[in-house]
Amino acid sequence: MCLAVPMKVIEIQGDPDDFLSGQIALVDADGIRKETRLDIVDRWPDLGDYLIIHAGFAIHTLDPQEAETNIRLMREMAEKVEAAEAVEQRT
Amino acid sequence: MCLAVPMKVIEIQGDPDDFLSGQIALVDADGIRKETRLDIVDRWPDLGDYLIIHAGFAIHTLDPQEAETNIRLMREMAEKVEAAEAVEQRT
Amino acid sequence: MNPGNTILLDHGSGGIASQELISQIFLKHLDNSILASLEDSAVMENHPGKIAFSTDSYVVDPIFFPGGNIGTLAVHGTINDLTMRGARPLCLSLGLILEEGFKLDDLERVIVSIAECAKSADVPIVTGDTKVVPRGKCDKIFINTSGIGIVEDGVNVSSTMAQEGDLILLSGSMGDHGITIMTRRAGISLDGNLASDSAALNELVALLLDKLPSGSLHTLRDPTRGGVATSLNEIAAAAGLAVEIDDQAIPVKPEVRAACEIMGLDPLYLANEGKCLALVAPEQAAKALQLMRSTAVGTDAAIIGSLKAGKAGQVVLRTAIGGSRIITPLHGEPLPRIC
Amino acid sequence: MNPGNTILLDHGSGGIASQELISQIFLKHLDNSILASLEDSAVMENHPGKIAFSTDSYVVDPIFFPGGNIGTLAVHGTINDLTMRGARPLCLSLGLILEEGFKLDDLERVIVSIAECAKSADVPIVTGDTKVVPRGKCDKIFINTSGIGIVEDGVNVSSTMAQEGDLILLSGSMGDHGITIMTRRAGISLDGNLASDSAALNELVALLLDKLPSGSLHTLRDPTRGGVATSLNEIAAAAGLAVEIDDQAIPVKPEVRAACEIMGLDPLYLANEGKCLALVAPEQAAKALQLMRSTAVGTDAAIIGSLKAGKAGQVVLRTAIGGSRIITPLHGEPLPRIC
Amino acid sequence: MKYLDEFRDQTLAEPLLKELRRSVTKPFRVMEVCGTHTMSIFRSGLRTLLPEEIELISGPGCPVCVTSASHIDAILAMAELQNTRIALFGDLFRVPGSNGLSLANASSQGAKVDIVYSPMDSLNLARKYPEELIVFLGVGFETTTPGIAATILAAKNSALDNFAVFSTHKTMPPPLLALLDDPELQIDGLLCPGHVSSIIGAGAYQPLADTYKLACVVGGFEPADILQALILMARQIANGEARVENAYTRAVRWEENSRAQQMVRAIFKTADMEWRGLGVIPESGLAIREEYSHYDAERRLNIKLTPATEPKGCRCGEILKGKEVPSQCPLYGKRCTPGNPVGPCMVSSEGTCAAFFKYTQ
Amino acid sequence: MKYLDEFRDQTLAEPLLKELRRSVTKPFRVMEVCGTHTMSIFRSGLRTLLPEEIELISGPGCPVCVTSASHIDAILAMAELQNTRIALFGDLFRVPGSNGLSLANASSQGAKVDIVYSPMDSLNLARKYPEELIVFLGVGFETTTPGIAATILAAKNSALDNFAVFSTHKTMPPPLLALLDDPELQIDGLLCPGHVSSIIGAGAYQPLADTYKLACVVGGFEPADILQALILMARQIANGEARVENAYTRAVRWEENSRAQQMVRAIFKTADMEWRGLGVIPESGLAIREEYSHYDAERRLNIKLTPATEPKGCRCGEILKGKEVPSQCPLYGKRCTPGNPVGPCMVSSEGTCAAFFKYTQ
């Protein structure tokens, strides 16, 4: 359930508190652009933010710091493994 | 104006005085059959009569005797010509 | 193949549903080893001679009618076009465009006819293609057949070969197909013994090529859309000569003539799907006529006229009462008239 | 040709309106002496070798799209199918089905593209046919092209020739055409630099046939409908071998991948219109790759896998993380998904 | 076909031709009023056989060809309406309006246009498409109008609501009178239309014979019929007579077909009518009576005819009178061709301008 | 694509796999609740790489696959109505009803069926076809429902009248509880759905962890995400813990997305819901509130669901619990195949029965 992809915000229309205005962001991924609705996004995005898009709606504004942490933690875990392995192999 | 063809009556439905009933004849020419309306025909046909059909309506019930006379008169005219010619040629 | 027993969009996807259609209907009836290989193209042995190549699409409505169906037309039509250049038909392709919702039973009926016609004319279907379009984007089924034939060395049949003095043979009666289709259409209902003349002419033509002295058969043409009137104009124009034909010599079945009279149509402009014109050197015309009449599709063959010097491209018809009129090519789709 | 500047039913009548269409649009752009003879079939010189024959109908919607149009597909598609058997394409037929009301300008635009593609691939259109159907009975224009090619003696390219150990080359990126068409359809609007890969492969294949040692090019296949996934399954089944490919080796443009991610589609199942798979003896694979890359249509070519003993007909994909999955043929028309 | 083939027979036609030649004592001009006569003369090649003393002039008797551009414009406007379907005789399909566009163009643009063989077939369309209004294009002279009247009555009797007729019906005598009233028009005989006469009776031509001293002969449509009619006419002219004779007795009586005429009078009343090439001729048309206004497309769809803007220059009026030849028309061969006809003489494939164009190219 | 490719990287996945192998100390069973996890595991080939101590069970988390045959039957009935157009996500197009027919069949029979990418696209259809009622098929779990709620609100705000939603919306916890309540179901961990969790928050799984002593880890959908989640789960299991952990912090918080949830609560209320293969689960669905009944296709078209007649014999319920294998189902491979699926495990191309069928043929 729930195919969703991260896309970068390059334009924002509307107002977070006014549901009657079109709450729309133009988003981009590798040159593919799409209008996405912001009606239900958890946090109103800034330009440059990444949104997680599902069926035309942004469901989440990705926290770039959180995302970098996410990757960093995995990398660290991975590096630790590689290091451990290197040690193992040396021994 | 007014392409019309003679076709032979092989079946009759309805009543000449009742316009509410379907006034219809099934007609035939060389094996081609067609329903034709009798609403406006000059004379209610009998089976075997020929109708002159225009745009799906019989406009005239052909008088077979009249038709034969028609042909006969032409033939006579034609024969007279041929006879006269034969005479001319002989002389 | 699917619970609804109709064509679905998936049958045109190129995936598993397409493959099921191919194996359960097409290969079942059209089977031959070249087709069955299901490669991107068929590859066959070549034969000495020139290559003839022809294509036609079939969009007839209704798809089933007395005397044939869209499938018989598709096989006969392309075989005949190849044959009109003196070619021996080698093989056919079959391109189907199907409407979503088309009944699989109807499809199978058409394919069975195609298989029978191809078999009886001995011209296999060696390659094919199927597309499916959404409902309402085509009308049940459209068929394209293309065909390859071999023109043996020494055979040279074309409209430009027609010569002054050539006699014009017609292989049978005019208008059968056109009038049959027209009387099946909504809005125009005539009953009667009308039937399309859908037939393959390759045997008839092979006979002429085999039995007539080389070089005496000059031109062949099948008077399909536009009728014999249009075909004769095309021949006259290509040959740079005049055509003269005799109205009374042109075979038309009584029931076809009657239907034409009723609707105000001229049988010379109606389509035929199993007839050909043949232009033959005058000294061979009698023999050619006899050969035509010896075939099942040519029993009503007749000599209908000749090629003359005269106004290039003009076709003159001698009428029953001894008058004449000029026959022009078809102007527009023949329609029933009131005057 | 008519005051409304659209196709009328009369344009398909076979009469004068049809002839005007032929001379004012078709012959104007497609002119060559064989086509211009307007006979029932084209007759051409033959060449030594086997005959390849292929047909395809084109019903794409929309008819114009970035990277091409229905006409470019029609020319490239059939040229490619011929080429996939190692044939040198000789000529094409052109069968048009037009909808009453289709704009003559759009028709001319399509015919101009066909003329350009045919010319640039050096494969003339030698015979044709046009039908017109009432409005609402087809969708603007459907095209069938059939084609003849010559397979020179000694060339034997087919799926059944694939051998264990063969390396699998792919001539370029996957999914460009399929995703371009899908994102042009109503209901799914993505903007971006997507374009169809519509292209003729005859030069690329001619190069392979010329430069590789005879017998080292075993199989060619163009992954159109059904995508490379389905083509590989067909090859594996015909060869009775297993295919193993490497996901990371398969070229997919970033924008195509992004559009696929958004809609939940797999580029391996999307149609391509200017790409081919080539199965080559392993010792010639590097050379074949270099040859492909030297052509304009093959710059992104890659070796994506090999043929193995193993379960006959099975296609296994090695994934980016080192796992594997089985690739089945397409099940149904790819549709955008939510999960 | 019985009662057709007999009258096409060369063994009959040949001696009749000889008799005709013998009967002609001086040159004379005949107007064949009816388009079907024109057509038959053309198809049988009769024109090529007639003695050269006889000059045939084609009259205004093709109801389709004389349908005015403004009527076609109104029809095209109706064809564009939502939920409207046009039913028509095939002949009308390619007749152009004032901008050169026809129902063939409208159909190509998505208009619903159905060709029928009989007006009754349009009632079947009304049953098949209950949400649409079926507008039958009523064109025709006396022969055709009764059937259309009967169709309107049938619609009423079967309570079919979604059916209407656009009436451009015309009657034959008024345009003939209009032509004959021109002193420059010199004709000696009228070949009177066979099937119109089945309805109106041969007696209807008596006033024409009397007033204009014309030899009026009602003729059938087969070659022998026409020859016989011309023989009778030649004899009258030779004798200086001007009578009404009936050479089509198998289909025409002296009296009218009163069942048909009563049907017409019940549904229609006379009205002014515009003719292509001839302009508006008073009392030359038929309009649907108030009582049947529900079946009158003009009233039901509130159609206003835009006043006749016949293409400037069309010389059809003069050509129909035999006073000019097509090449004298400034539009001939330029704006007006068989592919893009302007006037009625080009619309009809056997019209004088079309024939001239075809055989002099 | 940024934030996708990083998590598909083999240089990340390989060491994570090693770490996972190291973290696994004993066999355990994990239910991956979400169909998108199932799909990703399949597409990435992850299943072929996991240590064999880990047994993956696919849960009921494909909203399309669990749409019941009786709902499909109701949809097919709507599709047959005049002036009704069905808008739907592509996944639903081939899902069969009780007689084996799907919207693909309905379309082939002339039903108007439009596949859309977003529910908002169906409002464009409503504008394009003003005479038709556009019925959007509302399928989906917590991730999809807020957008559909927003679409209903947008229709109301723009006064679009010809739009309605057929709600088969489902919520995730109830079927999980139903499965977990079966004492025979032996699972040790739950791989919790990433995008559902974006909406409901990772905290929503705390009761499951507490009640059933399950290691609950929220995971993203890329291979590295899944591996990381499984590592955390393996560590918990090794340590005898049963906590909620979040391995998808870039998209999921502990708290719910309250904007989305408020939108859902404004438009929908909980209702009993039938699941394919699982039957009716109380309070597991969402129905449109009275205030928005104008946008409720069920009420507007007066649709009555015919009581569940799930095909007799379908063992999906047991298979979803990992208690049976497909070959034990009497319909498997006979009445139920990927071409003609019966239960949800065959409808989904990666469902247990479909996978079993495909890879054992």
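Labels A, B, C, D, E and F are assigned to the chains in the order they are written; within every chain, residues are numbered from 1.
Criterion: contacts are C-beta pairs under 8 Å (C-beta built on N, C-alpha and C of every residue); 3 or more make two chains touch, one makes a residue touch a chain.
Note that the structure is a prediction, hence the values are computed from the model and not measured.
K.L.:
Could you tell me which chain lies farthest from chain D when each chain's centre is the average position of its Cα atoms?
P.N.:
B
K.L.:
Centroid of chain B to centroid of chain F, CA atoms only: how many Å?
P.N.:
77
K.L.:
Averaging over Cα atoms per chain, report the distance between chain C and chain D in Å.
P.N.:
For chain C versus chain D, the centre distance works out to 30 Å.
K.L.:
Can you give the whole-Å distance between the Cα centres of chain D and chain F?
P.N.:
37
K.L.:
Compute the distance, rounded to whole Å, between the mean C-alpha positions of chain E and chain F.
P.N.:
Once rounded, the distance between the two centres reads 72 Å.
K.L.:
Give me the residues of chain D that touch two or more other chains.
P.N.:
Where chain D meets two or more other chains at a single residue, that happens at 9-10, 16-17, 136, 254, 257-258, 261, 328, 331-332, 337-339.
K.L.:
Please output the residue numbers of chain B that touch at least 2 other chains, ranges allowed.
P.N.:
Correct list: 1-3, 5, 29-30, 54-55.
K.L.:
Taking each residue of chain F in turn, which ones touch at least two of the other chains?
P.N.:
Where chain F meets two or more other chains at a single residue, that happens at 1, 4, 14, 35-36, 62-63, 89, 94, 104, 117, 121, 140, 144.
K.L.:
Every pair of chains that touch: which are they?
P.N.:
Applying the touch rule to all chain pairs gives A-D, A-F, B-C, B-E, C-D, C-E, C-F, D-E, D-F.
K.L.:
Spell out the residues on chain E that touch chain C in their complex, using ranges where they run on.
P.N.:
Residue positions touching the partner: 1, 4, 8-10, 13-14, 17, 35-36, 39, 42-49, 62-64, 89-91, 93-94, 104, 114-117, 121, 124-125, 139-140, 144, 223, 338, 349, 358-359.
K.L.:
Show which residues of chain D lie in contact with chain A when the two form their complex.
P.N.:
Spelled out, the residues of chain D in touch with chain A are 189-194, 254-255, 257-259, 261-262, 264, 337-339.
K.L.:
Quick one: in the complex, what on chain E touches chain D?
P.N.:
Those residues of chain E that touch chain D are 94, 96, 99-101, 104-105, 107-110, 339-340.
K.L.:
Would you mind writing out the residues of chain E in touch with chain B in their complex?
P.N.:
1-4, 6-7, 11-12, 14-16, 18-19, 22, 34-36, 61-63, 89, 117-121, 140-141, 143-144, 146-147, 149-150, 153-154, 157, 193-196, 198-199, 224, 228, 231, 248-253, 257-260, 263
K.L.:
What residues of chain A sit close enough to touch chain D in their complex?
P.N.:
By the definition above, chain A touches chain D via 1-3, 5, 7, 29-35, 53-55.
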